[in-house]
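The following pair of complexes shares a single chain, subunit A, combined with subunit B in the former and subunit C in the latter.
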Partner chain A sequence: MAGKYKKVAYYPGCALEGTGHAYNRSTKAVGKKLGLDLVEIKDWNCCGAMEVKNIDPKIQTYLSARNLSIAEKMGFETVMAPCNGCYHNLKKAEYDLAKDEGSRDVNSRLSEKAGHKTYEPGKVETIHALDWIKHSIGEEGLAERVTNSLKGLKVANYYGCMYTRPRHIFPEKDNGEGSESTSKPHFMDDLLAAAGAENVDYPLKTACCGGAHALSDCDTSTKLVLNLLTTAEACGADVIATECPTCHTGLEMHQVRAEKVLGRKTSVKILYFTQLLGMAMGLSPRTVGVHENFSDAMPLIKEKGLG
Partner chain B sequence: MNEAQTLPIADVLAETDRLIAAPDAKLEAEAAGIADRLLAMGEAVLLAWHNAHDNAPTESKVEGFRMLALHRQAARGTPSFNACRETCREVVYHHNLIRHDTGAADIARTIRLGAMVARHLALFVGGKLENAGLGDFCCSSRPVRQAEALSTMSETL
Partner chain C sequence: MPIHEKSLIRPENLVEHENLVIDGVDVSGHWSTFIESRALSDYNENMQDEIEALAGGEHISRCWQCGSCTNACTVNAINPDFNPRFWIYLIRLGMEEELVRDKDIIWQCVSCNKCTYACPRDVNPEGVMKATAHWLELKGHTKKKPSMVFDEAFSQQVFDTGKIEDGLVLRQFMKRTGQPLTQPWLVALVMGLVRRFPVFYLMRLGLATVFRPRTKGWIKARAAIHEYVEEVETANRKALGLDAKGAE
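Here is the complex of A and B:
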């Protein structure tokens, strides 16, 4: 089933080399276990994140376009970006280059100055890690590879706000059977259910975590995260599964801060969905980087027989 | 304009906290009224946003709910406001769930989850209002500072 996603260009982005390293490690480990090849984009640069975009969105478009240009030069038709911010920005660049002449002009001018080929929209498809596994292996393929079922583990799947927004930059979503939904995303739910997890009905799966204000207005972020955590617990979740390093780090750090500053202790654990899938396929917690998480999930992992 | 619609965001947060802490029996007994109250609190939060921006809040409805129309109005020209689109829809959904079957066995749990969703909306919009002028709240948003910039980097490069 792997088809066109068997071998894709990999764009880890800055976060996966730093605070989100466990996501990088577990994504690569899961890919290897599934027989999927990831080839990192050579000399990739920052996607422009929110910092560059807030100053000049056209510069952000160029930065993302450069990465797409390199992937194209390497011979790839698909780039996989596990980080929601990178994924969003690559998609947005694709959209802006297709629709906005000003963006095309800036991209062309800066590409020429930098001495590389100008990226033209439509040459490279950007996908998320969820698309990658869902469309290359699928639930059935995944279930066949599960040796250590997540049975008994109650999971709240948290997608964050950038995976599906704004809708117009994700034309493949809301596109009939088999496509992802922007209002009720379900790819992570589908994959974890295939690995045996019991997904809880989590009403805040796309709600904001306040990630953009993690540094500038910590209190707002802490309150938003605390509400995400307490709601997950009210839903009966043992774990919040994440697919974005910014959300993941925010949940972990503000879980600690909520206890210190607001006196509110929560016990729900936070794990990347790739960590959960990896352990379900028999990879050790260390191989998927559980020791790199801030949230200590080892007691739960041992209790559930996952490591 | 009813009482709930003029509620400050801090009062909405206090009310959601009270609902979450209330005993099951109280929630079960007052389920229908609480369902309407959740919706009214959601509208109050969105009205606070419109009032702060000197917008004339719409009286129209989307899919039968003014709350969804108020959200759509707020998001027009402010894409980052869409980060609470599904939260608004979840408030409406929980209102409907409670209203549909006020005697459901798990009604107290549904009410508490609805209150948590309403609390998230209040925290999001409240935080956004607090931070107005300081920068973008959301990565997807239109750059606030862009309009203030005398020139942009791409023009000078």
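Here is the complex of A and C:
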């Protein structure tokens, strides 16, 4: 499988330019270290996120399609989006444009009025940062580059909702040997294991963090996050590895809120999987943006000799 | 409560009599609990059509009431009253008054899509929840819920500039819902970050509040989207038999 995706179009999305900047930084640093080229989509726009979808799904489809159209114009066959939300929305746009005439109509109408080429489904493939590393470098390639093994670090791999659900927008998943599973995803587990981490058997890999209502329904989110945190601790995890800025920030935010509002303190740390991979390959915690996380994982990183 | 046993009998309609004899038979006490009879005359025969007309609700009529959605539901695990299967049932029967009883929790769907993943009939229950929440607000059964306030603030930014700035989303949402920014947990969160002094990161966030991120060449797209949004709003109101413009 390794060997694909050496040079891909990069779609960071809004969160990676704001609160999820550590994910942006660490993704780029890991790409550089692995010799993978990322070329940012020129003048990209928001993918539409869940919020626009709630107002009208066809506008979200147009917003995502505009980005794919630019990537196509730049000559790329593949777009890599590290954010679960963006990844999900680009995939969903691809699906809706292929299957739903109404979405196609609105997309071509808006594209025409906005003065750019209408995106036709099937032109550009959207992948996640996990697919990117897994299929370009692979576990073996990654293991060869590890200089600072994550040995002794117990990790709960958390994938959230948008990476696997709903199944129909991810036709390449659940698709035979080597493909990702939607019921029990494992790409992050595979990569971190290659970097030496000890993955704990975490039953809430695809449970929900309540990110959709992180602010609008705080109490629900706090309960859901607290469940994720305490379960990770019960599984013996030192750290929860994340691959989505919304999940990541949600976990950090509601870990603090659970302590302040419910008096429930948890001490499990939260790091992006790209931060863990970067440190395993000898990058400093600063290079992968650990200081930009809201929760402080430095004591654990020092204790485990990772930085 | 097992999901398929959600009862239509309201507690206030259960009656026990201390002393009651009917035709010489003593029917007093708990063992002879009665259910008040009631006649339903307030069906909204258009209800399913109305939900179908709103985005997300298109496939509600496919539902065969298996309950997979409620069984998989994230929010149901926290609050047993959150019951998508039951609401789909009510909508399909047109029992508007029954549905409106749950008007304050339907918006709490977290869009985790577990229901959509589990549904054997491709109903897209997550979409139905959004359509229903939207329907409740359009019909005036409830004021705008926090999630709608959030979605609107967020979408407005995207439509205007092509991008969002998360700090601004947070500030606007707190302002529109009348919450102070000085929530103890929010302060603790930010202070934890500031103590480690990520200079460039903080500068980025600071700069973003002054020079809002925006997509170059967005003006035409913006005009096209605004025009389309208005069209959708008009169509939605028409499908629900409402006046062209909302009250607010």
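Things worth noting here:
As a working rule, the second predicted complex is superposed on the first by the 303 of 307 C-alpha atoms of A that agree within 3 Å, B and C clash if a C-alpha of one lies under 4 Å from a C-alpha of the other, contacts with A are read in each partner's own complex, and residues count from 1 in each chain.
Keep in mind that, in the parts below, a residue touches a chain if its C-beta (ideal position, glycine included) is under 8 Å from a C-beta of that chain, and two chains touch if they have at least 3 such contacts.
All of these numbers come straight from a predicted model, not from anything done at the bench.
When both complexes are superposed on subunit A, subunit B and subunit C clash. In the overlay built on the shared chain, the residue A:Arg165 is in contact with subunit B and with subunit C. Residue contacts after overlaying the shared chain place A:Ala98 against neither subunit B nor subunit C. Of the two partner chains placed around the shared chain by superposition, neither subunit B nor subunit C is touched by A:Leu262.
By the touch criterion defined above, A:Cys208 lies against subunit B and subunit C together after alignment on the C-alpha atoms of chain A. In the overlay built on the shared chain, the residue A:Gly48 is in contact with subunit C alone; subunit B does not reach it. Look at A:Met253: by the touch rule set out above, it reaches subunit C but stays clear of subunit B. Once chain A of one complex is fitted onto chain A of the other, the partner contacts of A:Leu110 extend to both subunit B and subunit C.
Measured by the number of subunit A residues touched, the leading partner among subunit B and subunit C is C.
In the superposition on chain A, A:Ser295 makes contact with subunit C only, not with subunit B. By the touch criterion stated above, A:Gly18 is placed in contact with subunit C alone, subunit B being left untouched.
Put simply, subunit A uses residues 49-50, 54-59, 62, 106, 109-110, 113, 161-162, 165-166, 207-208, 210-213, 216-217, 220, 223-224 to touch subunit B in one complex and subunit C in the other. By the touch criterion stated above, subunit A contacts subunit C in their complex at residues 14-15, 17-19, 21, 43-46, 48-52, 54-59, 62-63, 66, 106, 109-110, 113-115, 161-162, 164-167, 182, 207-208, 210-213, 215-217, 220-221, 223-224, 252-253, 256-257, 259-261, 289, 291-296, 298. The part of subunit A that touches subunit B in the complex is made up of residues 49-50, 53-59, 62, 85, 88, 106, 109-110, 113, 161-162, 165-166, 183-184, 203-208, 210-213, 216-217, 220, 223-224, 227-228, 230-231, 234-235. Only residues 79, 82-87, 89-90, 93-94, 109, 112-113, 116-117, 119-120, 123-124, 127, 130-131, 134-140, 143-146, 149, 152-154, 157 of subunit B touch subunit A when the two sit together in their complex.
Taken together, the subunit C residues at the contact with subunit A in this complex read 55-56, 74-75, 78, 108-114, 116-117, 127, 130, 134, 145-152, 154-155, 158, 162-167, 170, 173-174, 177, 184-185, 188-190, 192-193, 196-198, 201, 204-205, 208, 213, 215-218, 220-221, 223-225, 227-229, 232.
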